[in-house]
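Chain IDs A, B, C and D follow the sequence of writing; residue 1 opens each chain.
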Amino acid sequence: MSETLDTAGATAMLRAVAQAVIDQTDVLTDADLAIGDGDHGVGMRRGFEATLEALQSPPDTVEAAFKAAGTAIMSQTGGAAGAIFGTFFRSGAKAFAGRDAVDGASFAAFLETGLEAVLKRGGVTEGQKTIIDALAPAARAARAAAGGSLADVTAAAAQGALDGVEATRAMIATTGKARSLGERSIGHPDPGAISVSLILVAARDFVAAA
Amino acid sequence: MARPAKKILNDPKNVVAEMIEGLVLANDGRVAKLPKHNALVRTDLPDSKVALLIGGGSGHEPLFHGFVGRNLGDGAACGQVFAAPSPDTIVEAAKAVHRGKGVLFLYGNYAGDNMNFDMAAEMLEEDEGITVRTVRVTDDVAAAPPERTHDRRGIAGDVYMIKITGGAASELDTLDEVERVARKAVANLRSMAVAVAAGSIPETGKLTFELADDEIEIGMGAHGEAGVYRQKLASADSVADQMMEQILADLPFRRGDEIALMINNLGATTMMEMLIVNRRIRQICDREGISVHRTDVGTWVTTQEMAGFSITLLKLDDELKHYLDLPAESVGYSRM
Amino acid sequence: MARPAKKILNDPKNVVAEMIEGLVLANDGRVAKLPKHNALVRTDLPDSKVALLIGGGSGHEPLFHGFVGRNLGDGAACGQVFAAPSPDTIVEAAKAVHRGKGVLFLYGNYAGDNMNFDMAAEMLEEDEGITVRTVRVTDDVAAAPPERTHDRRGIAGDVYMIKITGGAASELDTLDEVERVARKAVANLRSMAVAVAAGSIPETGKLTFELADDEIEIGMGAHGEAGVYRQKLASADSVADQMMEQILADLPFRRGDEIALMINNLGATTMMEMLIVNRRIRQICDREGISVHRTDVGTWVTTQEMAGFSITLLKLDDELKHYLDLPAESVGYSRM
Amino acid sequence: MSETLDTAGATAMLRAVAQAVIDQTDVLTDADLAIGDGDHGVGMRRGFEATLEALQSPPDTVEAAFKAAGTAIMSQTGGAAGAIFGTFFRSGAKAFAGRDAVDGASFAAFLETGLEAVLKRGGVTEGQKTIIDALAPAARAARAAAGGSLADVTAAAAQGALDGVEATRAMIATTGKARSLGERSIGHPDPGAISVSLILVAARDFVAAA
């Protein structure tokens, strides 16, 4: 288990993340069918397949790797998820500016920077049953663990996201396609939040195995 | 969500690209596709005009790609099925339609569209110095109470918005003026849908919701988003009564108002059903003292093979009437 | 035949009458219903012209009632769903459209239509002294081999027939001449349909045939009559290939021919599917050296909520092109 | 059991016939769904409901009664059946011209006259799996029994029609909507032929009970 990831390592991690999301296309489809329009799975698959392709040519820096992922997602996913995850990776990438490796602290900063951009773009706050409800607790958990190793930070972030997904079950959607369900949205986890957890769990597992 | 959809397609991942290729071929050279994007542009654009860019997720055929033409959209940015187009596609489409007088973005009010079009607008203003204005269609009265129209979805009202704004963008000289007309139209526009059976996304092949054999859902959204309530299948007259009651009360439409009326097929409903509903709507309008300037009954804003229809009322004044009645021609909408 | 149809209707026995009432209301006064019959007549008929009367069973909306208008039908005699109109309805409609120069009957070739229209023609000639000529549409290549075209059904080709004959009846001075143009058109017209799912008759509420979830039927007729063969659901390209092979070989269409191309929705099929099929058809036409003068993709000749589509090719000459391209406007078909 | 039917009796018989067909709407629907377009039942119901209404005002003659039935059917049934059964009753009615009652011989003549008109109108011959395949054997059987009572003649006609219906099962349709089924039409009786049998069985039963 390495303490940091260089550009090649970060690229490999992003590839593992992409594959993990692609593998769960059907799970995301079903989650979005339950409270949205059913396209979240295929949208995420398109975006992360484009990410895998974009990362074929090795990026020069960690920042470039994350930005390439975000750009691929933004241009191929479409919909709310494309805008949000695209913004998340592209803006979050700035946390790695000038750094040649990902460590625990920079990973936590990545989550915070990405979260901030996403909050601004989407105009929602916590509790509206969105991506934010996985991302915000993940970022907080990562910050709390930021003194530790990259493994500690990714583990904390993943757990924060998973807890966040669970918490979305009890929420009433007040934005996005699920909004009109009102109370009928209770009981179902938010699809976008599930995607956040898939991403962070894959990152944790990659770091743990690296 | 178990029943599989049954469609004649090639690789479901390529539906949007192949559909746009088919549309361009059907269009006798009047629209062209951008080389690298699922976006369409009129080939006969004048040198100087306010540009109207429409767009959104695909799967609502003939909206949006079928509404590019004279007195309609100057171009369309098309996403994947039910997914807003990405900022880069919107940017390229906007650059292709821009004719020196700015670009009006006109699209349905959905989180995904709002974010992607906003990002594109920022890029265009910052990187290209192109002025962009945005008008979002919010005609679905089922989506939020009247005090929160900004939370409402855009459904079949898109058609009248494109028709009027397209006309205004042909005749008016400034982006300000075109935007003003579009804002007036959207403020006067109300719609509501009823779903009878679900549609499906080609890439998943799954129906987007479940509805019992004897149930309908009033207020269903254009992607199968939940409506206002479910109820037992009822007569055409009583369904029309319920929908009209909510639509009329919402603006509200009043005695003496003159309207345009649209009954739009969500996909698989028979025209017979819509005409029978039209009969009832006119009885209601007569009773309420509302006169109907024109009626459009057809298939323009669909949710794939969803069955059901929507009713749209647009309150007219002379200006809106003028732009609405201009001739228009495209693959999806023609009227002399 | 067990699955019940799900429609928003009033009393199923009244569907045709209510539908026609709804259509007249949607038509801004340009057509009127005859007081005692399910028949429509243009209100703006010139004093002197060769009259074109179209008609047939209902349930194929917007055909036929939606095709009454300028350069289209002068009137339409409408039967109950899938049932030819009765002689008295046809007689009254013919008398209402007659403007001193005779009446051309144009309808699909079905035993019921043939008998009822023939009886009406006899009554009109004997009792009213009105000259009647008849042209039957026989475009369905699936219905009988080429040497028995008189046994073929009329399907989506009705649209091009009404368009061309309507134009000819506006411009040409004699019934003979209008009949000549219509006969030339029908001789040059070929269609074929594919069904994906069945439609239903409102009064019975039963689907008109059964098709397994993974089966399609090539050559299905416009009332669910059997086609040429059933097969497994296949790709859009391969279905288009099969249909085009039969259509092209039938006339046959040859290198250098110029055609009009129509892809018609049988009811519940998405426009996306039809556009993807259009893409393939154009690849085939390019390969065969056939040029496409114009394309129509839409919903004109339906079988209630049947899913599937038909492909129609019409070989053009300058005369047919002229009449086909005249502007036309009606509830069901508009083109500038 | 009376030997002849006067105008009132003939009218009552036509009403009984109409009701019998209306009662079997679903049988006719299913028969037409199997090899046609499924509208035969509702078409016959419309025609015979109109017949019942037309016969509300008592006709002056037997001929007028049959003609009124034919006119109602022709104008309300529509489709092939409207033309055929309308023609059948309207033309067949002429066999009663100048007569004030229906007897065995005139009933046989009615069937023959109606058949002849229908053959001319439809342009088909026996064996094409149509109405003709019930009507022609019914007319022949009636002619053979025409020396007997009205009861004998209607019974013979009904039996001829029923046998005709059975025979249509083995036929391949070569006209009408069933034509394109080709060999797939084998095994199914012809819907229009079934209607003929319903009409003649109801006539037989009425006469037997009168």
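Heads up, the rule we're going with is that a residue touches a chain if its C-beta (ideal position, glycine included) is under 8 Å from a C-beta of that chain, and two chains touch if they have at least 3 such contacts.
In this text, all values refer to a predicted model and were calculated from it rather than measured experimentally.
**Q** Return the chains shared as contacts by chain B and chain C, ordered by label.
**A** Correct list: empty, since no chain touches both.
**Q** Whole-Å distance, chain C centre to chain D centre, using C-alpha means?
**A** Centres of chain C and chain D (C-alpha means) sit 32 Å apart.
**Q** Rounded to the nearest whole Å, what is the centre-to-centre distance of chain B and chain D, using the mean of the C-alpha atoms as each centre?
**A** 54
**Q** In angstrom, rounded to a whole number, how far apart do the mean CA points of chain A and chain D lie?
**A** 75
**Q** Indicate the residues of chain A shared as contacts by at least two other chains.
**A** In chain A, nothing touches at least two other chains.
**Q** Two-or-more-chain contact residues of chain C, please, as numbers and ranges.
**A** Answer for chain C, listing residues that touch two or more other chains: there are none.
**Q** Quick check of your reading of the touch definition: is the inter-chain graph here a line, ring, star, complete or other?
**A** line
**Q** Name, in rising order, each residue of chain C that touches chain B in their complex.
**A** Residues 4, 6-10, 15, 18-23, 25-28, 58-59, 61-62, 66, 194, 196-197, 202, 213-214, 216, 233-237, 239, 267-279, 282, 292, 294-299, 302, 304-305, 307, 309, 327, 329, 331-332, 334-336.
**Q** For a test of understanding, state which residues of chain D touch chain C in their complex under the given definition.
**A** Going through chain D, the ones touching chain C are 29-30, 33, 36-39, 41-43, 46, 74-84, 86-87, 121-122, 175-182, 184.
**Q** Provide the residue numbers of chain B that touch chain A in the complex, in ascending order.
**A** Touching chain A from chain B are residues 1, 57, 79-89, 110-112, 115-116, 118-119, 142-144, 151, 153, 201, 203-204, 206, 208-209, 219, 221, 223-227.
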